[in-house]
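Next up: some structures, all given as structure tokens.
In the two complexes below, chain A is the common chain; its partner is chain B in one and chain C in the other.
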Partner chain A sequence: MVRLLVSRLLQSLVALWGVTVLIFFVTRASGDPALLLVPPQATDAEVAEVRKDLGLDESYVVQYAKFLEGAVRLDFGDSYRNRRPAMDLVKERMPATLQLAVGAFVFAIVVAVPVGVLSAVRQGGWFDRFGKAVALLGQAMPSFWLGLLLILFFSVRLKWLPTGGRDGWDSYLLPTVTLSSYLIAVLVRLIRSSMLEVLRSEYVKFARLRGLSEYSVVMKHAFKNAAIPIVTVAALLFAAFLTGAVVTETVFSWPGIGRLAVSSILARDFPVVQAIVLLSATIYITTNFLVDLAYLWIDPRIRFS
Partner chain B sequence: MNSPENYWTKKAARYATTRRRFIGTAGAAAAGATALATVGCGDDDEASTPTASGTASTAGTASATATGAASSPTSTAPKGAIRFAIGDQPENYSGIRQSGGASFFFTTNVFENLTGIDAQGKLIPAAASKWEVAPDFSKVTFTLRSGMTFHNGTPVTSEDVAYSINTYKAVSVFKGNLAFIDKVETPDAQTVIVSLTQPDARLITSGIAPIEPKKYTADVGEDGFQKKPVGSGPYKVRSITPGEGWVLDAQAGHWRNPTFSEATYKVVPEAQSRVAAIQAGEIDVAYNLPYLQGDALANDKNIEVVKHNPWENIYFNLDPGDSKLPFGDTRVRKAILLSLDRETIVKSLFRGNAAVAGALVQEGVMGYDAAIKPYTRDIKEAKALLSAAGYASGFDLQVNGLVGGRSPQSQQVGEAAAEMLKEAGIRTKVNNLEYGIWINTVRPTTDPVLDGIIFQLWSDAAPGDPANRILGSVATGGAYSYQKGQLGDQFKKLVEDNVKLKTPEERSIHMKQAFKLLYDEVPIIPLYHPYLLHGVRKDKVSWKPIPGYTYLVPWTGRAL
Partner chain C sequence: MTDVEARPNVALEIDDLTTVFRSRHGVVRAVDGVSLEVRKGEMLGVVGESGSGKSMLCLSIMRLVPGPAGRIESGRVRLGGVDLLRLTEAEMRQYRGRRIAMILQDPLMSLNPVYSIGNQINESLRIVHPGAGAKERVQKAIELLRSVRIPEPKDRLKAFPHQLSGGMRQRVCAAIALSGPPELLLADEPTTALDVTTQAEFLRLLRDLRDDLGVSIVLVTHDLGIVAQNCDRVAVMYGGRIVEEAPVRRVYSGPRHPYTALLLRSVPSLETQTLGSRLIPVDGTPPDLSQLPSGCRFAPRCPLADARCHAEYPPITEIESDHHSACWKPGEVASLLEV
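The block that comes next holds the complex of A and B.
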């Protein structure tokens, strides 16, 4: 097991290094940020001066070495546009993203687990049909559209909730529902199919024959065994939430990482883009690693294989 | 916002009854009255409208005296609150260090320049109560308003102005605009003498540099200044919430005539969400609405859709010096222009929210000549011109369009133009570019250089001095100029001579020659002047945008 963990850890570090190479060269290939900073009438000499100020006149090798050296210390340099440390900007936006991500994740779990489990237990019944409809709608409806519909209904028509922003408990509701809708849909489908498979297995039949309560059979024996794919998908989608839900943040004017990422990409603000991408990659890779660990806890067979 | 009073709390008050009815929760109480900061930005100058000729004419230059907005009996005391929703967040909160875009929404309210604009987009004195141009135009002497203070209470002195100009010249991305400044002297606390390397009237029309307090900046550092910016503009910063917006308090008695005692700017990136926010009554002014939404909102009895002309010019750039394309021939250039049905573009793609461009200059901008009328489409004439130029069977042409939200309908315009040109026999191919890619390829000095015609933007922002733009985009050597021959040199000479003239009247008459040449020779293909649509809650506020000024502001420059 230790060997497995060490191997996973090494793989994670290699993946992270790969991300640094990729993001460094992809940003450089996307265009010259100096041209986006200067006014239209700036001369070539002025553009060259800005390029020098930003350190973009140095060779790629030198720029990469500086980026890598800084990244180890979580210092990605100053944002080209804001002239402030890129990491400070990311830190400023992280709480908003974290709050939205956790809220949406918890909401998705709270809704998806009972709906998915009940859909499987009552296969073919009206609740199952309801569960399938929820899954279908959630996956088919773009979050952009859902967000606007919610705003139009709850904010414009009923005037119950704010159209956007992040101020007060009520401002969390619509973005949370919008962001979680896709995860709810995915989880309901996944939980339902996993549960159906497990519920047909011999050990569940045996549990029933032992006279255990239905709750104990379903939640203690069946659900735990159906959980592995659910944990994987839920964790990775949670990681995606943490690294910024661009569409939801834009529709609801939510000041999170996703909006910062998009505006920085459009402005070719390399330090901020590099900081966000590397942070996102770290979150993904760490989540994957934690998922591997979770497997060991959920399924003892993996531990002993 | 962290402030106890902001648009959310007011919104809560407005919805309280509804929410009580539905969810049994008491709405938040509306906030109390705003505490008005009354830092002494008062003005002791009683004189009226500036400029040498005694009228606030376009982009004035020569000696001028300040308007006495603050002390004028017609000035209005700021009252009430206004809430703007804009599309982007400022990237920087320093007037000197900002690099444009949404930062202007902030800096234009908080900082003061030596010269400024009024509600009509006309040049007026600002921090300088008057200025005097030396007979040989080697220097300009500015006299600062007396009693002027920064928002932290310290006086604005000539030393602060000199520091700001020098810092701007050293660090600003716009420093090229002040390249003609040789040195800045401060003989006393109220006087600033700016020496020029060569006469250049753009010194006055540029506003020079936003004034920031030297000592305060040194005390708090660049980072500290970003967190708590201090200026001498009509509004003082109450709070800034990164990514969300900011709240400002009016400086009562300020000569720029702040009209609302409190101004909130809320960042709402999605246009549809801005529409929803104004419909829900959460904001008072929604910036830059999609044209379709404008029509829909016009039916709302509480909302007025305001058409705002930011004095923007959209045109196709082309390269007369490119041997692969026949752009060196005026007949071909004119044929391209005559092939385009710009009326249809304006009517169909802009739903009338734009004007067909004549000589790429609009009323209000220096050099505007009402006698110059836009060309109308004439396919027969276009074909005849092509035939006379030896291109009866047309030629291959790439139309380089721009995609994204930088300019409304830009992608559709490129595609429509390509189809229209086909009718004249020009075989077109569309190449749409994202803004970042576009700006990396449209400069004639970049590699690879774009072939064909290129979608371009040109804004003659208030106070409407087009010299920088002509030099940058049309005259030989300009950053976006593809002109290499005699025509480009002619433009260069015209504008270089123009900026040496001292009075706005002289400059305007002279500038007309440049625009007439632009009209006759068609070195670029003028398309249209797009308007912005803003939604205004007419049941809550009375507010109008400033022509030629993209940024929404709660001041009028002088009492109306």
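The block that comes next holds the complex of A and C.
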């Protein structure tokens, strides 16, 4: 098992290195940032001046070496746009994204687990139909549309909640619901189908034959087995939340990573883009690693093989 | 709740039990008016082809027919004078695992892969002996594993199902089933998934449980050889009904239903198997339960069938003492064995 963990760790480092190469060249392929920083009528000499200033006149090998050397120290250089360390900009936006991500994730789990489980247990009944409707709507409705509908109803019509921004507890409600809707839909569907499969198994039949209560049959014997595929999907979507929810953040003017990423990409602000992408990659890789650990914890067949 | 005086030597009395399934082809009567008794301390073999209703009979007794498609339509299932079919679900749960237990065909799948053996035994013990403390339950779990002859029982408690062999897993299932211990154990093809040696050991274990603990056992199987070696009486099922019921010795020496006779003819045995003789399979296919003939269900495959057999279903009657058969011509059955 230790060997498995060590090999996973090494794989993760290789993957991260791969991401640095990729993001370095992809940003450079997007165009010349200097052209966006000078006035339209600037001369070639002026542009060259700006390029030199940003260190873009050096060869790619040198630029990459500098980028890599800085990245190890979590220093990605200054933002081209506002001349502050890129990492500081990311750090400023992190709490907002983190709060929204955790809130939406917890909300999704709290809603999706009971709905999914009950849909499976009452297969074909009215609750199951309700569960299926939730899953269909959540997956079919784009979050920008759901967000706008919620704003229209709760903020404009009823004037209960603010239309956007991030001040006061009530500003969290609509973005949280909007962001979690897709995850709820995915989880309800997945939990339902996974539970249905497990509920048909022989060990569930045997658990009932032993006289165990229905709660114990469903929540102890069925759910832990059904959880294996659910953990993967839930964790990866959580990672996606952590790396910024562009659409939800834009609709609700939420000061998170997602909006910073988009504006930085449009401005060809390489240091900020590189910082965000590398941070996202680290989050994904860490999440995958934690998912593997969760498997070991849930399923003894993996633990002992 | 007590309907009638419980008969002293009868553990379980099934009376006119019918279990139906809704399917695309209409209503299927998986168990069709079965009456059967299991006597105290006996091992009763229930034999039949797949789809004959053996497993559904067991699940009906446990009241765990898979719904919503399946349901018990009518009948009585009496354990100690109490009709199980009239209990509420909560009351019935008091019987499952405590007074009637059931083990399943596939030992590889009967235990939950994500919980240890000890955890799963403990869970059953908690139900059966609610008063026992944690330490007491561990002791009891070790005793149970020892009683089903699992070596080093203490270490096995920590093991997970995938770390044990099929035979060992079936023993663990038996240990869990015996935690009560129950008055009645339903074993649904418990050895089908095991290899021959393991099979023999497990059947010996069942015999010992019957002899030592006095547990009444219903052994469901499609293997007449297993019945001959282990059971006291046998009930033969065909198309959801019981067609013959008698002490094992009687059935083997003089079957009174053509289906039983043809089954016997298809089984290899050391006595009948001489060089040059061959096994004769039962011709035809098991009946489609959604399109049953109006007469005897076996008539389409029966060499003795005549017009009456095709028209009228023969009721099950006691042909001689303790020997029941559902056939219009029980006297002619012997001729089928002279081939």
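Here is the rule we go by: the second predicted complex is superposed on the first by the 305 of 305 C-alpha atoms of A that agree within 3 Å, B and C clash if a C-alpha of one lies under 4 Å from a C-alpha of the other, contacts with A are read in each partner's own complex, and residues count from 1 in each chain.
What we mean here is this: a residue touches a chain if its C-beta (ideal position, glycine included) is under 8 Å from a C-beta of that chain, and two chains touch if they have at least 3 such contacts.
Just so we're clear, the structure is a prediction, and the values are computed from it rather than from any experiment.
S.K.: In the superposed model on chain A, is it clash or fit for chain B and chain C?
M.R.: With chain A as the common anchor, chain B and chain C both fit in the superposed model.
S.K.: Go through the superposed model and pick first if A:Q41 touches only chain B, second if only chain C, both, or neither.
M.R.: It touches chain B, and chain C stays clear.
S.K.: Using the touch definition from the top, say if A:I151 reaches chain B (first), chain C (second), both or neither.
M.R.: Only chain B; A:I151 stays clear of chain C.
S.K.: Should A:R93 be classified as contacting the first partner (chain B), the second (chain C), both, or neither?
M.R.: The first partner, chain B, only.
S.K.: Quick check on the superposed pair: does A:A245 touch chain B, chain C, both, or neither? Answer first, second, both or neither.
M.R.: Neither chain B nor chain C is touched by A:A245.
S.K.: Examine A:S263 and indicate which partner it touches, taking first as chain B and second as chain C; both and neither are also allowed.
M.R.: The first partner, chain B, only.
S.K.: Is chain A touched at more residues by chain B or by chain C?
M.R.: When the residues of chain A touched by each partner are counted, B comes out ahead.
S.K.: Rounded to the nearest Å, state the minimum C-alpha distance from chain B to chain C in the superposed three-chain model.
M.R.: In this superposition, no C-alpha atom of chain B lies closer than 41 Å to one of chain C.
S.K.: In their complex, what parts of chain A are in touch with chain B?
M.R.: Those residues of chain A that touch chain B are 30-32, 35-44, 46, 50, 79, 81-84, 89, 92-93, 96, 148, 151-152, 155-156, 158-160, 162-168, 171, 250-253, 255-256, 259-260, 263, 266-268.
S.K.: State the interface residues of chain B toward chain A in the complex, per the touch definition above.
M.R.: So the residues of chain B touching chain A come out as 1, 6, 8, 11-12, 14-15, 18-19, 22-23, 28, 88-89, 91-92, 97, 99-100, 173-177, 222-223, 226, 241-244, 266-270, 272-273, 276-277, 279-282, 435-437, 439-440, 443, 445, 457-458, 468-469, 471-473, 478-480.
S.K.: For the complex, give me every residue of chain C touching chain A.
M.R.: The touching residues are 62, 64, 68, 93-98, 101-104, 106, 109-116, 123-124, 127, 160, 162-163, 173, 176-177.
S.K.: Applying the document's contact rule, which stretches of chain A touch chain C when the two form their complex?
M.R.: By the definition above, chain A touches chain C via 124, 201-203, 205-213, 216, 220-221, 224-225, 298-301, 304.
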